[in-house]
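The following pair of complexes shares a single chain, chain A, combined with chain B in the former and chain C in the latter.
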Partner chain A sequence: MTIHLLLGLVLILFVFAAVRALAPSRTLLAGTVLGIGALALLAVNYQALLSPEFWAGLIGFVAILSALMVVIHPNPMVSILFLIVNLFCIALFYLILRAEFLAVLQIIIYAGAIMVLFVFVVMLLNLKAEEGLRLGGGPQRWGALLLAVVFVLLMFHALHDRSDQPYVEPGAFESGFGSARALGGLLFSRYLVAFEAASLLLIAGMVGAVVVAKRKVG
Partner chain B sequence: MRVEFFLLIGALLFAIGCAGVLIRRNAIVILMCIELMLNAVNLTFVAFALENQSMTGHIFVFFVMTVAAAEAAIGLAIVIALFRRRRTTDVEDASLMRW
Partner chain C sequence: MDPVIARVLVESAVKIALFFFILLTVVAYMTLVERRVSAWIQDRQGPNRVGPFGLLQPLADGIKFLFKEEVTPPHVYRPVYLLAPMLIFVPALVTFSVIPIGPALELFGQRVRLQIADVDNGVLVILAFASMGVYGIALAGWSSSNKYSLMGALRSSAQLISYELAMGLSIVGVLMAAGSLRLNDIVQHQIEHGWNLIWQLPGFLIFLTAAFAETNRLPFDLPEAETELVAGYHTEYSGMRFSMFYMAEYANMVTASALAVTLYCGGYHVPGLHLLRLPEPAAALVQVLAFGLKVGFFLFLYVWVRWTLPRFRYDQLMNLGWKVLLPVAVLHILWVSFLVLMNWT
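Now for the complex of A and B:
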């Protein structure tokens, strides 16, 4: 164990010196050192690579980080790319939660169709980066802080109250849960009316989009 | 693995999307933040569906995806119409109908 730690430390120092000589940028340097450190920690503790909790935590970290980048990045194009990363993370979560068909739908519909629409519009309008965020000042800020604290307390309370619930065992489900067959069976029996109404909604949306976006004729 | 983990991630994503709707000026980015919030709710639906061993949550996610697709199409059409008239997508400049 100590041998591994020492080896990792020497490796980090060596890579630090190499990157310092090669890359003058400070953020690149910090990122590389952090990444090498994380890799060294994993190399020492490689058992973690086998646990689903580690992978779920990693995906959650990437999801939160990409969502933050969507909100704070001034360039809309970069926001779209980070939103696609976020959608892929949620599709992976669906796979963990035994919703295989929804994971496929998430990638095809969201990342494949809706995001292409967003990319198309941003490219078409050729937007420039925003000047600044709409951060209100004065009493608004304190109200927002109060509401945020209340929200966090409520969420903590709600999640804490559930702490006696049992664990979810990934192997303990009947086969077919979350499959296309099961979802289709439900859609075409119990939820048939809602399904047909969804088709009406889609065609109304399509016609509405054409009418709103087209030029005036004549 | 605990269901609470996914609920927590969903709550955080929803809060981030909500903050984005409130603080951004660009109408397209506001639409993207709405998509973020819809996805957070979908994640919560799927987590509860697994806990309760019921596929009804999956049906809800399916319909939320349908509504999100229609909403994105209409919203982007409105953004294009706005840009054609005003040469901007800033929501501060589109305040004709605001009280």
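Now for the complex of A and C:
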């Protein structure tokens, strides 16, 4: 049931994209019709809305879609925005898997600090939008096609083995799993060396950045 | 539907509607408070014509903004231009959802927390959405295709990320004392051991300064300084979209004040209230009012500082953030570790 609902919604999205590409003047009409269709689909299958599988599937779909848009969209700033959406989806996956501390850290560090760095770079270097998606010449095209086929086969193989595994039950985790206390306990006991080495690496990076910047100005 | 889920949904929906309504009303009346208090400081009358004591002024301003022509300049990058005001408004509202405004009480036979989301990582959620607030400003400035907007956006983003560090470190002091990331635990700790204001005064001052910088309020409001940058990152916005920026700034102020109250001033705690032996609903009401008064005091402080101090120059601002606040915050963490070691807090 859940799978059919998700596939139905995905199909609606593709139909909308096709209509927008082929007949842009009909976008509003298509959007209204398809939106009503999506709502009807959801209303009929409202039981599926309460299942974690549906939400996991939906978040996964949004994650894949935003990742695709990062690569496809010509404007770098919009690519960054789609990447932020993708990172939020990953954080939601962490939440579903009960790693709450990691989910919030993902938003703070990745979506909140690293992506700000990206935004700064795009703004300061004044990166303009590309003219359009231009595919490369003969060998590049065939190579890309071959690698795409290999990728799809790999994905099928990886997912095929897991298709009969049940979704992880929420009760299967011990209490306190994924909390700051649990993660901190691990970081300061079993993984202490890696933790300290990572902090040394960060300090080295900071000092290096300051030295390079100072040399340019001074 | 499972009755537990239904109950949680209904409870959350009611709380969200209530909090949203209260927050927006406070934001609207902050515009009036700003004008009246600034007038009082400058020894003149503020708006007092529209309604008694000018109390209907925000309504008049709202109607004015609705009717203002929304000019969208042709050279802006439209999708991001339209998205930016929302990106700046939403984090301010989301951050308010984890702040407890009162103790848990018995309502309609259920134990209800006066807080929308009692998350185990409440403090981290606040930090996460504070760092999301940078995007609205940066994107507004970038999409406006205007060099003054871009300058304002860049300055503001740099200022925000610099002061986020000092704010985070001062919050670490609070976390060490309370031993938990939940905001309810932090308030509980302050009820039992005295307000963090007393024990961690340097941290409180750092947090307050960083909060002023994070909300782009004077003395840190160079990004939107009228005299230097036309209007900074919101130059090209008009009508309802401009009012979104305006409201977002006040919403950020309210959230920052609520956070300062929760982390350092005991949240909804009224010292000595248990001596009066009031019935539970009355005690809860008094505590919610106390929370409101404390937040109101911090909002007044925001306005007071704005109309008293001159603006910082940009290099002074960055110096303060990196060379003064950051080392002091680190020393403050040492101090709090000492306190925790000696079990004084």
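Keep this in mind: the second predicted complex is superposed on the first by the 167 of 218 C-alpha atoms of A that agree within 3 Å, B and C clash if a C-alpha of one lies under 4 Å from a C-alpha of the other, contacts with A are read in each partner's own complex, and residues count from 1 in each chain.
Methods note: a contact is a pair of C-beta atoms (placed from the backbone, for glycine too) under 8 Å apart; a residue touches a chain by one contact, two chains touch by 3 or more.
In this text the structure is predicted, and so the values were computed from the model without any measurement.
In the superposition on chain A, A:50 contacts chain C only, with no contact to chain B. In the superposed model, A:183 makes contact with chain B only, not with chain C. In the superposition on chain A, A:105 contacts both chain B and chain C. Of the two partner chains placed around the shared chain by superposition, chain B is the only one that A:155 touches, whereas chain C remains out of contact.
Once chain A of one complex is fitted onto chain A of the other, the partner contacts of A:60 are limited to chain B, with no touch recorded for chain C.
One of chain B and chain C touches more residues of chain A, and that partner is B. When the two structures are aligned on the shared chain, A:78 is found in touch with chain C, with no touch to chain B. When the shared chain is aligned, chain C comes close enough to touch A:123, but chain B does not. Within the superposed three-chain model, A:87 lies in touch with chain B and out of touch with chain C [touch as defined at top].
When the two structures are aligned on the shared chain, A:113 is found in touch with chain B and with chain C. Once the two complexes are overlaid on chain A, the chain A residues touched by chain B in the first and by chain C in the second are 101, 105, 113, 122, 124. Chain C contributes residues 1-2, 5, 77, 79-80, 83, 119-121, 124-125, 127-129, 131-132, 134-135, 138-139, 141-143, 150, 153-154, 157, 161, 181 to its touches with chain A in the complex. Residues 52-53, 56, 60, 63-64, 67-68, 70-71, 76, 79-80, 83, 86-87, 90, 93-94, 96-99, 101-102, 105-106, 109-110, 113-114, 117-118, 121-122, 124-125, 127, 130-135, 151, 155, 159, 162-163, 165, 167-168, 170, 173, 177-178, 182-183, 186-187, 191, 194, 198, 201-202, 204-206, 208-210, 212-213, 215 of chain A are the ones touching chain B in the complex. In the complex of the two chains, the chain B residues touching chain A come out as 1-9, 11-13, 15-17, 19-20, 22-26, 28-29, 31-33, 35-36, 39, 42-43, 46-47, 49-51, 53, 55-56, 58-59, 61-63, 65-74, 76-81, 83-84, 89-90, 92. Only residues 50, 75, 77-78, 81, 84, 100-101, 104-105, 107-108, 111-113, 115-116, 119-120, 122-124, 179-180 of chain A touch chain C when the two sit together in their complex.
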